[in-house]
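Quick one: the structure is below, questions incoming.
As written, the chains take the letters A, B, C and D, and residue 1 is the first residue of each chain.
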Amino acid sequence: MPEERWSGFSYIVTNLARFIRPNEVTFSGVNSNLPMMACLLAKDAYDFYFTYINVAGGVDPHPTKVPISSSDPMLAAGTQSIFSNEDFYDLCTRGGMDLCFLGAAQIDGEGQTNVSVIGDWHAPKVRLPGGGGGAVMLPTARRSCTWRTEHSPRVLVEQLDFVTASGGMHGLVTPIAVFVKRDGRLVLQSWHPEKTLDEVIARTGFPIDGKGATPTPPPTAREQAALAALDLAGAFEEAAHVTLD
Amino acid sequence: MVLSAKDKIVSLSELAALITDGSSLALGGSFLHRGPFALVRELIRQGRRGLELIKQSPGYDIDLLCRAGALRRTRAGIVAMEGNFGLARWYRQAVESGQIELEEHACATITAGLRAAAFGIPFQPCGGLQGSALPALNGWKSCEDPYGSRRDVWLIPPIAPDFAIIHANAVSRSGDARVLGTAHWDRIMTRAAKKVLVVAEELLPDESFRERPELTLVPHFMVEAVAVVPRGAWPGSCWPHYEIDYPAVEAYVAETDSDLSGHLAAAPEARVSANA
Amino acid sequence: MPEERWSGFSYIVTNLARFIRPNEVTFSGVNSNLPMMACLLAKDAYDFYFTYINVAGGVDPHPTKVPISSSDPMLAAGTQSIFSNEDFYDLCTRGGMDLCFLGAAQIDGEGQTNVSVIGDWHAPKVRLPGGGGGAVMLPTARRSCTWRTEHSPRVLVEQLDFVTASGGMHGLVTPIAVFVKRDGRLVLQSWHPEKTLDEVIARTGFPIDGKGATPTPPPTAREQAALAALDLAGAFEEAAHVTLD
Amino acid sequence: MVLSAKDKIVSLSELAALITDGSSLALGGSFLHRGPFALVRELIRQGRRGLELIKQSPGYDIDLLCRAGALRRTRAGIVAMEGNFGLARWYRQAVESGQIELEEHACATITAGLRAAAFGIPFQPCGGLQGSALPALNGWKSCEDPYGSRRDVWLIPPIAPDFAIIHANAVSRSGDARVLGTAHWDRIMTRAAKKVLVVAEELLPDESFRERPELTLVPHFMVEAVAVVPRGAWPGSCWPHYEIDYPAVEAYVAETDSDLSGHLAAAPEARVSANA
């Protein structure tokens, strides 16, 4: 990774990490390698403490390596408690989860998500993984963020094929843009400095105007170093298949 | 460069000072077993007033608070000294005289209310209760099964104590709380309360928690503050550390006036600070 | 204890134990020394296995001594699992508890109980311990049994001062009589052989006729030996203050 | 003269034989982690048909059952192979072709349904779900808070699987099941099911359970039968015994026809019995 430049992979992981705030309880779940890396990156790169809990039952774990599966028991290595699935869901529904990373296949302009189906639910073109955490966590976590490795009108849509989860994402990161919620809508916060605002707008299926958005500040030296340490061999970057196009 | 969770260890008096007059407290343990009794005594020393106690099976704790005039209200399932000591005299007197208000529960309805709070839902259905006069007494609502089973069920409203206070076997500096043997009702209390305070028998190094994280009942991030008070569950038991101090309970029960100074002075935490 | 004779204490403990059946899940709770001793007696005296769970979290425990408190952690000594309070209540409400021992201050002829108050609830003559396990466990356990150390019209009543728990006891043991439920009513099954049927009827506040009842069979040698082993010093018998009058 | 609980150890094939065609199965673990996979394979070897799988996060297990044509229906939260393997192909095909019926849940609504069964109540309120199309899809009912909070809540009907089957780290002869690390959803599954079966990595003496009874997730009396199958969670992980066997999962995923004989023969339990 050339200095101070983003790859699509580093862009997603680092900008997800930037949503993490001091002293908050932050959660990463299954099928969530990039948020898992974002949480581990933030622990290393930022000068504040936050609580990192995950679907493997770990609370501020000390993994001796980064697992391929984001629900791997390695994510509970060195934990001082096991916080099992029932427990973190209850924490969320009672309002104790500050930041939740939740996957999505399609996202609309209100930050609703579809993880269920492409096409009609009863006659699916593609059967997707399904409900998962979102339908319950998205409306109850204080903030939720999502990510996509593809930025196109087929994933950032005007109209979801199915509303699996509502309640609205606080943030969304793609390989070329960062969105945040303002007045109930996802709006562009910043874009990949090697792309243009026009391209981002054109590739976003829901309407955005880009007002107030700026090019995304480059990765800091500590963010870069932390990510490099997590992905020494580049295997995670390779597996993620993130392109800017 | 990973930063640790903050150190949450405070003194017993600092822990008690976090609790303001009028607070509702869920107290861990059951009857004479593993209750946060040092904290209860410290609240009395500090002159706290108007408290509400929420517990499925209070005994020594509620009796002490009634005797000191510190209690205004309780939601309780079953109240007794237990262990051949029968009823809790000062509690009984406080209810009979109207000194405190009682919301009488079954143990399981306290749990249901705590579950409603812990699960973030407006009510928790509770099994049983058919034919009992308790639901009507408390104005609980029932509901027919919308799925057609024809089973009615009672719906218990949320119980969200201001504080859950438990006596743990061990803590880490950042507040992980380990409990051995039965957890009594401590698990659901700590999930339902707005804040969790822990009194612990001993402080153990982080490594000990990392070796057996499954024994941690409350993870550190849910815990506000911790005081390490050896023998803090006296005169009750804290397995496997110590059993009930029966002579001490007998002496407590034998006293007939409300003056608690002798009893409070005999407590382990008082003798330690007197020596310090 | 003279051979083959009942004391009030041995009568209650042993006849409670006789309600325990092979392979069933049997529970004893707080404030329940006599059922606790009944369960321990049955483990020793009867040639069948049953699961004994208790309020201390014990499952088939191996206590090294009999505790004074029936919720003492000693009742979890040697257990191979901890079955905590939430767990055994849920077991009961979902129909998995076969036999539950539940305390009572007053019992009526339908086997309903009052553990709340003597007098008016809002102007109590005696404030009793309160709701406890009964209101939820009595209607949901497959069978429940209770006991009183006093047999009089003031505890076995026509009309309860307050109905704490309904659903009906399967069995009731006093120092002089054993009742079982038949057609929704507690009926006399047997009486202390040193008493008369007339005395039992006279001292029972709810109507019974004694039809089909017989004198209670004497304690077997094994029941006697098991109880003697549990109460070597006679301290439990003394503390229980059970008289036949 | 105290009699012990009976010995519940059986062979894997005897364990699988307890499950009849058409049964509903809650399977423990999550995705590739600590699932009772040896048992799933044995059901396929025995030609079981018409099964229902109930699980918040099935993956390899559901894919295998779909590929073998053993499944008729599922209630599931999120289905994937995970660990960079993406969607579960045979599952996807089975749903898209109508070969199996899907009742799509959020993970937490499966849990709520299991809680309703575990608590003996006709429904369990579940937090969240606002704005989701899932409740309407499934015909779930909502209810206004009778206590006046103006919060509506969705009520999930009971889910009581015929069997809960978990893969434990260790068992005792009488069936106590110890689980290390996260319990995933195993706790509530074992409380909701009509019967509990356990596959375990190893058999440990009773003394080991008596030393740390807190680690026992399922007490023996709730367990019907147990098979001891080392590496039974293969090709998934069973912490701390072993990690995911990635080459084995890659080989499974790379196969394009439904013939499972090679994969089944490569499983540890097959190689052991071939050697025996």
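To be clear about the criterion, contacts are C-beta pairs under 8 Å (C-beta built on N, C-alpha and C of every residue); 3 or more make two chains touch, one makes a residue touch a chain.
Given the structure is predicted, the values throughout are model-derived calculations rather than measurements.
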item: Comparison of C-D and A-D by number of C-beta pairs in contact, larger one; value: A-D
item: Chain of greatest Cα-centre distance to subunit C; value: A
item: Subunit C and subunit D, separation of their C-alpha mean positions in angstrom; value: 40
item: Separation of subunit A from subunit D, taking each centre as the mean of its C-alpha atoms, in whole Å; value: 28
item: Averaged-CA centre spacing for the pair subunit D and subunit B, given as whole angstrom; value: 36
item: Averaged-CA centre spacing for the pair subunit C and subunit A, given as whole angstrom; value: 58
item: Touching two or more other chains - residue numbers and ranges from subunit A; value: 57, 76, 82, 92-94, 140
item: Subunit B: positions in contact with at least two other chains; value: 119-121, 126-127, 181, 213-214
item: Contacting chain pairs - touch in the sense defined above; value: A-B, A-D, B-C, B-D, C-D
item: Complex contacts: residues of subunit C adjacent to subunit B; value: 30-31, 33, 55-57, 68-74, 76, 82, 84-86, 89, 92-94, 112, 115-116, 121, 124-140, 162-167, 239
item: Of all residues in subunit A, those that touch subunit B in their complex; value: 25, 43-45, 47-49, 51, 53, 57, 59-60, 62, 76, 78-83, 87, 90-96, 140
item: Residues on subunit B engaged by subunit D in the complex (per definition of touch); value: 116, 119-127, 141, 143, 145-147, 149, 151, 153, 155, 157, 180-181, 213-215
item: Touching residues (chain side subunit D, partner subunit A) in the complex; value: 30-33, 56-57, 76-80, 82-84, 87, 91-92, 95-96, 102, 104-109, 111, 126-134, 137, 181-185, 187-188, 237, 239-240, 243-244, 246
item: Complex contact set, residues of subunit B against subunit A; value: 1-6, 117-121, 172, 174, 176, 191, 206, 209-210, 213-214, 216, 218-222
